[in-house]
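Pasting the structures in now, so scroll down.
Next, two complexes with subunit A in common: one pairs it with subunit B, the other with subunit C.
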Partner chain A sequence: MATNDIYNKEYDVIIVGGGATGAGTARDCALRGLSVLLVERNDYSTGATGRNHGLMHSGARYAVTDGESASECISENMILRRIARHCVEETDGLFITLPEDDLQYQQTFVEACQRAGIRADVIDPEEARRIEPAVNPQLIGAVRVPDAAIDPFRLTVGNLLDARLHGAETLNYHEVESLIINQNRVEGVKLLNKLNGERIEVRSRVVVNAAGIWGQRIAQTAGVNISMFPARGALLIFGHRVNNMVINRCRKPANADILVPDDTVCVIGTTSDRIPIETVDDMRVTREEVDVLLKEGVKIAPSLATTRIIRAYAGVRPLVASDDDPSGRSISRGIVCLDHAKRDGLEGFITITGGKMMTYRLMGEIATNAVCAKLGNTAPCITANQPLPGSEEDGPNQGDLTKRYSFGQRAAIGRHGSLAARIEKDNDIDNALVCECEGVTVGEIKYAVHQLHVHNLVNLRRRTRVGMGTCQGKLCSCRAASLMGEFNHDVKRAQEDLAAFLDERWKGMRPVAWGDTLREAQLTASIYEGLCGLDTAVNLQGKEDVQ
Partner chain B sequence: MAERMQLCNISENNFEQCTKCSICTTVCPVAAVTTDYPGPKQAGPDGERYRLKDPAYFDKALKMCLNCKRCEVACPSGVHIADIIQHARMDATLGKQRASLRDTLLANTDLLGTVANLVAPVANATLGLKPTKAVMHSVMAIDKHRTFPAYSRQKFTTWFKRHAAKEQDAFAHHVSYFHGCYVNYNFPKLGQDLVKLMNAVGYGVHLLDKEQCCGVALIANGLYKQAMRQGRTNIDSIRKSVTRDNRVVLTTSSSCTFNMRDEYPAMLGIDNADVRDSINLATRFIYKLVDEEKIKLIFKQDYKRRIAYHTACHIQRLGWQLYSIEMLRMIPGLDLVELEQNCCGISGTYGFKKENYELSQAIGATLFKDIADAKVEAVSTDCETCKWQIEMSTGLPVENPISILADALDVEATRQANNIK
Partner chain C sequence: MRMDTVIMGGGLSALACGISLAKRGKRVTIVASGQSTMLFNGGSMELLGCIDGKPVEKPLEAIATLPQNHPYSKIGADRIAAISERVKLLFSDSGIEMTGSANANHWRITPMGVAKPAWLTLNDHLRIDDLNNLPAKHLALMCVRGFFDVPNAMLAQGLRELGFEVDMIEFTTDDITSLRRSPSEMRATSLAKRLVSNHALQRVADQLNSLAGEADMVLMPSVFGQNDSSDFQTLQNMTRKPLRLVATLPPSVAGMRMMTQLRHYFRMLGGTYLMGDTAVSGTFEGDKLTSVTTAKLGDMPLKADNFVLATGSFVSRGLRADYERIYEPVLGVDVVADNDRERWTSFGVLQPQAYFGYGVATDEQLRCLKNGKPIQNLRAIGSVLSGHDPVKMGDGTGVSLITAIAAADHIRENK
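Here is the complex of A and B:
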């Protein structure tokens, strides 16, 4: 899309933030017939959306402490099973009681679940061991709930795709530097194009701030104060699945008490620490966090002690002061929608925040309702009933696979649902594997690069899982970089991209770099630096990190 | 702390030690000749992560694996790649449809042997006939190019009981012999050669209480339950031989040996830890006796042959080809050519199947050319199925090292040198 087109247009709504909430809001607005522009300063789903467990909560975790969140979760959980089938794996979950836990809590927990409308079946520990062999065999109690696994990257892309299908425009790597304000009215945004350094102004009737923890800064540029309370959570990714059901501890929420099977890996988390707002961009995981996660993790599934950890990562939950209280004394985990006209006397500006990735759709609905109220649009919300692109009933099935090389094709259906039909698979080259760990083919890379807003290898990873396997990009990154270089006719850029990608992969490996993960990293370094001289060909120093 | 907790992070089937270096794929004989097979890394450690997610990710291409174990030999990280692939095949097979008649017949080498021995002349003639081959090719999907190894009129065990058993107790030392199906039904001479050789150096040879087919072909054809039953019977007999009679168990087939030592625990869950070290290939056992100067071997002065040695896949996995080669080198008149280590492509029953014939021959092509270039009169190898493949594909006779040693041995001189009366 040429910049001129955006410059000359006035949108009904500009949405700031390309996480699940922003994408969900963009989709809802577009489905209700509004003209929409979504802007994201990095890549889509780089913030809290892409930095959590990948857990589709049943709501059980919040049942005892926050009944309202629990009810929202179970309701959205059931909706996502319908509309986002290709992002969801219906694993179910266990809440286990260990000998060190109070079995009395189970009763409280089950009752709270029932109040919130969450199915919670108490099962025998023996039965729990049978249905989930990875569980700590010493458990003394177990409750089965409808938890599931969800892929937040796919979910976000699915929403963006549908928004675009309905006329929305979306831009990644466009940062909002400030809002355009005219007589107490927000009339658009000033954007910095981070890929080419260009600055542009885009106008709209309403601006929705869906920037998560970074929303505080967006609001500040308009002189509006929102008090965010960043809560940081660290997680560990293991090299393969040890469990096929979500496993939670049945106790008051604490550190590292959820283990989620996500696609080919499993993830233990999280820690929870309040951090100063100035440090929200520092996602480095500390040694102490790794220690806590592993120490607690092995209590859930003992085999984690002997399973390779491939990465550590951290995210920041955007907890926010509720009740339009700028002082920030009362904090909510629930959804917060602020109409700044009522709250601060600034027209045309709405902030949607708080909540959870799990409730992104509801947040989108609430924000869109607020937008529509301002614009006089009366169209009803249909996002709860209309499947996302990829989740339609008539997707490709096993019969559509070619006889040869079906592995990558099957993996692609797992990732893209019915959209996998758009991936070319009719010749050997398109079926050739780029990423062997995750089964990503040349055809899938082509599809992602051409249709899913991919500017670099990290974007590509979020769309396809390239480089997410145990080798963390060792084999696939150079192949993918070569393809990108071919598509863009730019070898130099592909080289830099390759170096940046490997650097990004190493950052996540570093906190857990011992044993096989260290050997893996060492071999990668030997190949790219020792053998290919990538470090001398490309100098990353001083380059802005636009991942 | 976390680091210490994870000092030995070795998961159950250890695929996480794989650093994706891909060396295994470079040595895979199947991946070298066809792009239909994704290679051991993808089929093994990579695919395993997906199969843990959902068994439906099992890829039929895994059936193309020869289980030659060359990937495991090459792996610098000690990953049991072929075992992972075999287990995936096992998981995909167990509880599903039964093995085909063809696979069942090919796998049941001892059942087939027992029947065929009774009617050996007829069986041999019939199996060699073009119409028979045509029927087997089209109905049974056994490739028409293949000839079943000829069946012997007399089983090795029958010969042994009639002609050898009585004399064995007189020797000062004793071993048991796991002869295997090939020696028993097709080629008793190899067993007779072993008895001749061992007797000449003062060792009595004995049969096990009960021996059944080791099951290597059963595993390859998905008949795991039967393989487990037979494996347990064999290990029980071997245990009796070792603990009750104090006799180690010798073999003359590298595949039987490898199967009973390593596949029993890895694939069939049979615990053989107490007797594993007592299952030994005859050439290795004899080499050590010579090396420790416990016995002497005297060879014929007029023995003159030029022979090429082929390293079978399973002996390579054991790392024992050295013993066979060094034994052959002891024969003064033997001009030995050591061939490059390449798979012959037969992989037991694999090459017999119609769908695998071309692949099997393509895999073996390098080896066949090397043999032709070596200008030898015969080939030696420790594996009977390599023997069939090389004989069919090169026209040269193939002999087990034990047979060559027995032929070259000056029995009288050897007996004297070892003070055997």
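Here is the complex of A and C:
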């Protein structure tokens, strides 16, 4: 869309932040008939949304310590199974007790789950070993709960797609530099287009701050103070999926006590460290974090000791101090919705934060309720019942996939649900595989580039999983870069993009660069530098990190 | 069975060393895993391409300026000059036709259209001796429809920046289209397997002849000739214009062809090539290695007067890194490497990476050290050696070939 169109328009609501919460809020607002613009400074799901376990909590983890969060989780969990089934894998989860843990805690845990409405079945350790062969065989207790795995990238894109289908407009790579304020009223945002350096102003009746940990800065530009306490968590991805079910430790939440199966891999995490707000953009994982994750991970599933680690990453939870306790001693993991008119005397400005990826839909509902109250809109929320695009009832089901579709088509249906029908597959070239690990075809890349707001290879990876498999983009990234260079008619940019993509992959590999991961790194360097001379063709120095 | 020499590893350096010894009547056994980094070869050998990020024009002269720990410094520029001539002979004896000189680098063209300094380049590949005097003005870059392992647009742009006029022309033939039925089959090696019969080559040549237009040279991806250069020759004879090949992404047809030719020559000379086996451990007596155990021969260790370690770098598993350390996994010989994991790598992916320089430690005669003392009859050659960097210095294949022949000389002199 031409920027002039946006410039000349006044929206009902501008949503700042393209994570799950922003996307969910945009969808809800659009479904209630509001005119919506969502702006995101990087790519969609680059913040905490794209940097967690990919765990669809049953709520059991919070049952003992935070009953309210637990209830929210189980209710949202059941909703997402209906509305986002193409993003969810129904694995169930185990809470295991190891010899070093207190078995008494299991009783406390099960009772708390029951209070929160979470089904929690105590099972025999023998039965646990049978249904989940990867589990530490020394376990002395196990509880089965309705945890599941969810793809946060797909979930966010699904919400954005539906928002757009209902008239919302969305812009990635547009950063909010400040809010437009006129006499105690927020009237829009000043944006920097990070792709071309252009600055524009866009007006709206309400602005929703859904920028996660970065929301503190957005609020600050309007002179509003929100005390956020960034909590950093690091995670490791292993090269194949050792477990079928989510495995948790049945004890008070601690470091590295959840192992989640995600598609072809599995993820252990997290550490938890308070960090200064100034450092939230430094996502490099330290040696100490890796050491803790490995040590604890092996206790959950011993085979992790000999499983290749393909990368390490970290995210930052936006925890918020309650207003009557700015010291941060009583930090909430619950949802925080601030109407700044009531709180700070600033009209037209709402912040939605705290919460969890799990509760993004509820957060969207709460924020949209607040927006509607301001605008006098009385339409009800329907996001809990209306399936996301890709999860409609009449989509192809997993059962008949194997017979009728190729590997690439099946993989695409797994990723895009019923939307996979939009992927071109009429000729042999469209069906050709670009990424063999993840089954990404030329047709799927075309679809992503043309319909899913893809500007670079990292965007493409988030939409299609290209380069996410065990080889971490060894050959497919070059093939994909070459195709994108053709689509965009800009070869130099495609080469720089390729180098930036490899750099982004390397950032996650470096903290775990030993064993086969170091081998893969050497192989990649031999191909792209030794054979191809990519390091001669581009100069990455002084370039900003790609997001 | 007792051998004169057992070589652990079956790549470029192992074969060069094995051929050099077998040619002089030695009984040599090579223990080869069957995989080689020649799979990533671009149709050229590099002696020394780059120092401190700057291209090297005269490699033999530049070798004298290398630090003491570089494998070349242990051999010396004079001997390298002599050995470099023997390498050319070794290639031509094996039926590999290459051109180049150790005195002056020429330029090879990478799949991304970058000109990189090279020492020897296959005669059927595009080679530029002088960037101010290009071998053609107008190129027809023939792009195989649906073959993604050459980034054609990048290649064309690179060639244009070098001063060529380039037409990108997409084409296909029935043989190529039929490969498409399985979506993962469109690789350089599968094309090379398919494009062998005179009929298949004629159908390609017909396309080249009808589409090449005004160009004075035709460029094709290197997808011809699994075993030798005869398929290329046939195609050139059918094509009215001069034809040259450009390297593809792996698997490299040219690299695999060179390995086949070297292996064939080694066997012709009476060498034993144990394919699909790897050395797993060795037995030492005093300052000598007496035998090597392999995965397949199990309780029949290979005994020999001399041994050569040519197991390659991390990629080939000649070096291993675990959580805490870097080591040589077969014989446990000394390595040069940092103890601190943080220092193995750099933050930027295209920055120099320290681990590339890690490898086994040797004395001046390329003898491996164990606990600081040289093993009298065990030499290390090629990528397993410390002190060089194939990616940043462009010295990988050169170190493999030069150290292979230098080690063979030491072994013969030892007697």
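By our rule, the second predicted complex is superposed on the first by the 530 of 547 C-alpha atoms of A that agree within 3 Å, B and C clash if a C-alpha of one lies under 4 Å from a C-alpha of the other, contacts with A are read in each partner's own complex, and residues count from 1 in each chain.
Just so we're on the same page, a contact is a pair of C-beta atoms (placed from the backbone, for glycine too) under 8 Å apart; a residue touches a chain by one contact, two chains touch by 3 or more.
No experiment lies behind these values; they were computed from the predicted model shown.
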Discussion item. Quick one: is A:Arg308 in contact with subunit B, with subunit C, with both, or with neither? Answer first, second, both or neither.
Written reply: first
Discussion item. Quick check for you: in the superposed arrangement, does A:Leu531 touch first (subunit B), second (subunit C), both or neither?
Written reply: second
Practice prompt. Figure out whether A:Trp514 sits in contact with subunit B (first) or subunit C (second), or with both, or with neither.
Written response: both
Item to complete: Scan A:Gly239 for contacts with subunit B and subunit C and give back first, second, both or neither.
Response: first
Fill in: subunit B versus subunit C as contact partner of A:Leu523, first or second or both or neither
both
Item to complete: Mind working out whether A:Cys437 is in touch with subunit B, subunit C, both or neither, as first, second, both or neither?
Response: first
Item to complete: Quick one: classify A:Ala499 as touching subunit B (first), subunit C (second), both or neither.
Response: second
Worksheet item: Which holds for A:Thr65: it touches subunit B only (first), subunit C only (second), both, or neither?
Response: neither
Discussion item. Applying the document's definition of touching, compare subunit B and subunit C: which contacts more of subunit A?
Written reply: C
Item to complete: Using the touch definition from the top, say if A:Leu475 reaches subunit B (first), subunit C (second), both or neither.
Response: both
Item to complete: Once the two structures are superposed, pull the subunit A residues common to the subunit B and subunit C interfaces.
Response: 287, 294, 406-407, 428, 433, 436, 475, 514-515, 519, 523
Worksheet, complete the sentence: Interface with subunit A, subunit B side, in the complex: residues 1-3, 5-12, 15-22, 35-36, 38, 41-42, 45-50, 52-53, 56-57, 59-61, 77
Fill in: Residue ranges of subunit A touching subunit B (in the complex, touch as defined)
239-241, 244, 261, 263-265, 287, 290-291, 293-295, 298, 303, 305-309, 404-407, 410-411, 428, 433, 436-437, 439, 469-471, 474-475, 512, 514-516, 519-520, 523
Item to complete: Report the residues of subunit A in contact with subunit C in the complex, numbered from low to high.
Response: 284, 287, 294, 406-408, 428-429, 431-434, 436, 441, 475, 478-479, 481-483, 485-486, 491-492, 494-495, 499, 502-503, 505-507, 510, 513-515, 518-519, 521-523, 525-527, 529-538, 540
Worksheet item: How about subunit C: which of its residues touch subunit A in the complex?
Response: 37, 40-42, 110-116, 145-146, 148-149, 151-154, 156-158, 177, 180-181, 183-184, 186, 247, 249-250, 252, 313-315, 317, 320-323, 341-342, 344-345, 347-350, 353, 355-356, 390-392, 394, 396
